[in-house]
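Some notes on the structure that comes next.
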Amino acid sequence: MTFERRDAARNAEPATGPVLSVRDLRTAFRTRSGWLPIVRGVSFDIAERETLAVVGESGSGKSVTALSIMRLLDRASSRIEGSVRIDGRELVGLPEAEMREMRGRAMGMVFQEAMTSLNPLLTVGDQIAEVLEIHRLQEGAAAREEAVRLLERVRIPGARARAMDHPHALSGGMRQRVMIALALACRPRLLIADEPTTALDVTIQSQILQLIKELQREEGMGVLFITHDMGVVAEIADRTVVMLGGEVVESDETDAIFAGARHPYTRALLAAVPRLGSRGVGSGPEHFPLVDRASGELRPARPQPDTVDRQAEPVLQVRNLVKRFDLRSGFFAKVTGRVHAVENVSFDLRAGETLSLVGESGCGKSTTGRAVMRLVEPNSGTVRVAGADLVGLEARRLRDVRRHIQMIFQDPFASLNPRIPVGAAVAEPFLTHRMGTRAEARAKVADLLGRVGLDPSAASRFPQQFSGGQRQRICIARALALDPKVIVADESVSGLDVSIKAQVINLLMELQASLGISYLFISHDMAVVERISHQIAVMYLGEIVEIGPAGSVFSSPQHPYTRRLISAVPVPDPARRREVRPVSNDEIKSPIRPADYEPPARRYRQVGENHLVQEWDGDWIP
Amino acid sequence: MTLATDHHHPVLIPSDPQAGLLGVLRRILFGRVSTTLAFALVVLFVLVAAFAPLIAPYDPLRQSIIQINRLPSAANWLGTDQFGRDVFSRLIYGARNSLIFGLLSPLLAAIFGTLLGITAGYFGGLADRLISRVVDLLLAFPELLLAILIAAVLGGGFWNIIAVITVAFIPGFARVARAQTLAVRQEPYVEAAISMGVSTPVILVRHVLPNITAPIIALMTLWVASAIRLEAALSFLGIGTQPPNPSWGNIIRDGLNNLFGSPWPIVGAGLAITGVVLAFNLLGDAVRDVLDPSTGR
Amino acid sequence: MTRYILTRLLDAIPTVLLVLALVFLAMRILPGDPAIAALGELATPEQLASFRERMGLNEPLWMQFITFVWGVLTLDFGSSLLNNRPVLDLILYNLPYTIELTVAAMLLGTVVGIPLGVLAATHRDRWPDSGVRGFSLIGYAVPDFYLGALLLIAFSLNLGWFPINGGGEGFLDRLHHLVLPAVTLAMVKAAFIGRLTRGSLLEVLSRDYVRTARAKGARENRVIYRHGLRNALLPIATGLGLSTLATLSGSVAIELVFNRPGIGKLLISAIAERDYAVIQGGVVVFALFVVLINLLMDLVYVFIDPRVRVS
Amino acid sequence: QGAGGTLRIAFAARGLRTMDPQTSIQGVDNWAIIHVHDKLVDLSPWRFPPEGSDPVPRLATSWERSADARTWTIRLREGVPFHKGYGIMTSDDVKFTFDRLRDPVRSGGVRPKFQNIEDVSVDGPAAVVFRLKQPDPLFLLGVLSDYDASVMSRRALEEKGEKGIATDPIGTGPYSLETVHQDPGQGVTLLANPDHFDGPPATERLQCLYIADTTARTLALLSGDVHMMEGVRSPGWADSIRAQKPDLVFDVVSPGSFFTIHPNLTVKPFDDPRLRQALFHAIDRDEIATAIAPISQRTYGLNPPSFPGGFTAETIPAEVAYRYDPDRARQLMAEAGVPNGFAFRADTSQREDYSAIMLMIQDQLKRVGIDMQLNIKDHTAFHADQNTGTNTLSQHSAALPPVPTQPIVNYLSTAATVKSDGKGGSNFSRYGTAIPGIDDMLEAALAEPDLAKRLDLVRRIEAKALGDAVILPVSTNGFMIVRSPAVDLGYKVESGYVNWPLTKARIVA
């Protein structure tokens, strides 16, 4: 019934022309020093049933383009010029009242931050019903009923009950579905999705992408999809627009772009995409190929020599590591539950080896890393570094042993004290452990900075004067200052733009080759893990469900969870776009258990050389 | 995958690193015309207070029984009070008391509060529970009420009231310092320092303290105005600065009692308090906007 | 929900006890002798001794404390050391005046302040905003006792519109007496609440979900009230709680200026006269107020914020 | 016949303390007390009777004294009813009243005044006989005419109890108590007693309000909210308020309270008599009296000039007159080895009369290089501390009856020396302990029945104490009531106690 109703606002012309036509869109912001152009002449069309991907690095103007189309920018401080037509109707210069009619009705938008884009005080049902009421399609109870239907459409289980929930009661994936339901409520001609999956886990991302594809097929709308992930592009887009610095640098059929991108930036993007399965059993880590930004030449990846010392004792030996966080509540702060963040984790790391921990958000990767460093106190287990068990070591000895194991964090902005010059920061560990005089420290700093590819003159500058990639290099230099045997790298490159990320990963591998360092590499980025790892450990709810050589885990994953994880990773194969794969709507489970919970005893099965798989129970449908 | 989004750290990050501290100062002071004016007013008051003996035409305590309750004249710009003391001179010296108050109490409170807050935030455990409990309790009391109660115990008088207001302000600083310490403690650079084996005192001094000072300073500037107002209120209630020493609060109190003798003390002191509190508020806002954008606008 | 309320109530008990202990101890180390205060300078040593005996001032400290806490529990605060009136009577008489002043000032301040804040936030950086900001800055800076005195001189003394002394008897008379003091406090409140509303609303209006509301095609009014102000109410409610307590303490000076009965005036007089029993009673009342209003704020929070309800 | 209406009068206090005349410690409460009760004799409205003449009979109708002035027989007015049906006043009530006054457990700070009474006996229902320990020629005026000698009802006291009487007193006076208001500021309302022997008062109701805050009280008068108010004893106040409303009437009694200062003879700097004298010469008492005019008047000796035996400007011996003489002060300091002055700390009270006078003294001392660092305390705290002898320069302000020996007993006798446990008296300078005092001379004066001789002894005592520079009488601070011209008091107030009857007062316009 209502779904079939169409109206003039979005159907002025027969559906022959493009749904959205953007011509020479120019957006500028008012700043203290005058108008600052952000979007500089962008043009593209989207036809009915077509998906257009807009890709580009952070700050390239993707979101501003989308907001300009919706005219959601603050009117006092922005200026939009050019032409934006929906079904032929010009939006630039349209009176605000008419523009309001268009928003939500002719075009819906899904934002990146599903967490914050819903009003926390209203139930999700009400928020969806509100769009219908605003556009006077449905009122009152009928609108609420329609909202439930829409929630069902976006595959929310138990939609009727969920409609009465407030956003905070929903998981990130669910919220993003609600946003989509909201955007589609009035059956718009155009859906704008601004990085709708960036904040989500791969498995959830995959679910959302499939959902958008399905809905688009059912509704026949045009989709403007903003992303910076070429895997996602391959998965979803018919055509692709690449933006750089507010301009379109490349625009073509997605297939064509993947077949032969012309712009160097596009190539760099493509080079950073995982090619799961391409890595054979027994093959070692490989450098990222680098793209020269000027010439667009793809410099072939350097091979990584075999660095692993298979003879010696492991440099890091973790056995039965357990970390649980107590949840307290009530007047006497009684323990009412526990987060089983790390449960019975064991692994070995040999000299010159990289072991990657992968898994979904909250599965305990970081906690494992921090427990290994004893930044959190493990409940039980042993962590042997350089022959000493870190667990239970008294403070003075601990400080000595920590020399052998260092950490690099995700956020290079936060990892450096903004008030300390980088030279001093790098020298701090060296001086703390009295490894030499100040002069020696200076020499060491110069050496280290050189190693990570920075000019030694950088030492006197402050962290804020460096780019993100440079800062991460500084952090690496600092970690190296103590000549550690092991470096724990927790999402160390996740915060970096693609091309920079490739450089830093390559640097890590070079350092491994030259210094024989071992990495405990924590990441959810499959492309990176695929490149850098010797071994992979897959974590799920605090436990390692599968561990083995990278090649063999990627090529023949055994545990159902590992399979699900790998299949959810978007790969750069535009051919996959057309297939709509069945995806389960499962949410990520929570590691919170009642206070008296005892984890079941787990058994591991050997499936290949050093490749172990946890035996799974009936919950998992293989 | 997440790309670097704008991470928000409540720490002093000069927009133009080259400019450093000076740049920050410039941004605070010349960000808005009103702030610049407020700053000028504050400077004026500080100068007046500092050079009170040079500026004031008379000794503020000097009485002249034959000249009581005079109207403003060329000799006494704001007339005289019931003891024949020069109102203008008293206002000038009152600025001294009010400003010493306004600056000293928040400063002392900031020092003690920060110590408490860092202890609670960094070490956690029993100390944290104890400190947080007391701080929460004290925070529940409005400063004025707390000050009245403490003043009842200590008795009035200038230094006692400084102690009173300091105590009344400590919880606020302790809370902010604790929250900031908790946040900074989670910062990777602190964890990095720990994992590098840097000792706790060094971490506190080198990594924690400098990174929590900005919100503390911001809070401090905002509370200068409150301290001046509180002192005035306490003096008005008779438990603040004791006569014959002039403070704007007790000038108003005495002035009200002698309202029909001469209205000039209350007019002058009222305007002075309002002006200086206004100026410090404006300045405090500007400092906070620049140093600590995280705590609201 | 009920559990939550119960927990909060339980939580308030140690707070109250701590406050009582502090109050009690504070009173014991006050300088000045209550016996002399009560009997006068010419009282003989025997009289003083018998007075101390009668009032239990000679008991050991812990004994006095237990008596005190027991008294509070049974609402028996003892009698004024000076005129023998039961402290509870004094409190019950004065309390309504303080409450009516606080409530009137808060109502007036809120009714004026919130619209001002909304006006400012929705006209950011334009003249209504500047006007409201100017008003709140000045309102923030003028001491309330000063403002009160000016209003009193202008409207009561010179124009004769309002009474000068006391709290009034009977509804209309009380209302008449209430106007000026309430307006005085409300001006300061309105400044605070206006500023708070402006800030919170601006903050909320910059949130993503407000952008979502606009993306739905909602009118500006709907955006501001349904999505903006409703969410801004959370910080505003906290602010109002704090502000109520501040008004309560502000009423101390105002009660003196307007010579109104009230807990504040009772307390200040008692402090000046070292009337232990009354000081204790007054402080306990203020402390209970503090606990009560904080509790109330928590409950309001639960009421308006679904996120708190579950945890 | 009473014309109705309510006469409202506002006092500087925070609230009523008690209506029991014998335990009253707050002076302004006595305003209500004297209207509810009658005394045996009273002043003629409103001045102390000239030396040697008698006060006006009230509940007494006539009296006789023995030659040695130790036995006083007083005949009572008959058929005078107590309020609210408490029966007719008899000699039994009078005896009961004075017995209670001398009972150390029950009566308050007024007891010392009645210590001289040996016993009281009834002589039939209409006469009482007072027997005194020492002769007292001024017994009627000095002991019987003040508020504390108000006659109370034995029955009422026995029925209501000590506490009950404090807020529901029963007397025979021109007004009876109607309401003690809940709001302490509203004070008490009294209702005219139609059966009073003197005829009913001119105004139906009398309300005594308590408004401690000076501003509020002043505004109350200016706005017409109250008809009369207690004046403020600070400089310039009277002039400024007169400027506001020129037709206001100022009723002032002198002498009011005697303000004295007492250097502590046992500690530096005042253990040196030259420095005490320097101090005295540096204080300009005329200036102080002028500043607080019209309330304040100069005193020269312990007894004010208007009192029997009081020194006047003319009669004060020149060597103990301590004329304001900064040069002499400097010279004395030079002799004592401190030519550039000295410094000391002194506590004073927040109360206006204390703080105003001490602030002026502080300023005067500064002119000769004496730095008096004042520590202004809450009034109660000030007394509590001073009574333990901690003050270097103690101050005292008290209203005393025209009994010339009284200030000497209070301030100069060794028996009254201040003690560190707070249980001593008001001899703050420790005269008699630190240096030989006047105890023998006082003994002689108290035993002297002849008034003229007694006065002569008193003057000699004062001259000696002044010569030793142990006490400086500064001024008397009269009690002032400011009255709206709309109130006709019915007589003119001149001198006497710090309260006076308003029975003839009426609101005229």
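As written, the chains take the letters A, B, C and D, and residue 1 is the first residue of each chain.
Everything that follows uses one rule, which is that contacts are C-beta pairs under 8 Å (C-beta built on N, C-alpha and C of every residue); 3 or more make two chains touch, one makes a residue touch a chain.
What you are looking at is a predicted structure, and each value in this text was computed from that prediction instead of being measured.
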Each chain counted as touching chain B and chain C at once: A, D
More contacts between chains, A-C or A-B: A-B
Length of the line joining the C-alpha centres of chain A and chain B, rounded to whole Å: 45
Whole-Å gap between the CA centroids of chain A and chain C: 50
For chain C paired with chain D, centre-to-centre distance based on mean C-alpha positions, whole Å: 41
Geometric centre distance via CA averages, chain D-chain A, whole Å: 89
Multi-chain contact sites of chain C, meaning residues that touch two or more partners: 31, 149, 153, 256, 272
Multi-partner residues of chain A (at least 2 other chains): none
Multi-chain contact residues (two or more partners), chain B: 155, 238, 256, 259
Chains touching one another, given as label pairs in label order: A-B, A-C, B-C, B-D, C-D
Of all residues in chain D, those that touch chain C in their complex: 14-18, 23, 25-26, 104-105, 108-112, 163, 166-167, 182-186, 209, 211-213, 215-217, 219-220, 222-223, 225-226, 377-381, 383-385, 387, 398, 422-423, 426
Chain D to chain B touching residues, read off their complex: 214-215, 218, 232, 234-237, 239-241, 243-244, 287-288, 290-291, 350, 355-356, 359-360, 362-363, 366, 374-378, 381
Chain B residues touching chain D - in the complex, by the definition given at the top: 61-63, 65, 68-69, 82-83, 155-157, 238, 242-244, 256-262
Complex contact set, residues of chain A against chain B: 57-58, 198-199, 228-229, 370, 373, 375, 398-400, 402-403, 405-407, 409-411, 413-420, 428-429, 432-433, 461-462, 464-465, 468, 475, 478-479, 481-482, 494-497, 525
Chain B partner contacts - residues on chain C that touch it in the complex: 15, 18-19, 23, 26, 29-31, 137-138, 140-146, 149-150, 153, 199-200, 202-203, 235, 242, 245-246, 248-250, 252-253, 256, 267-268, 271-272, 279, 283, 286-287, 290-291, 294
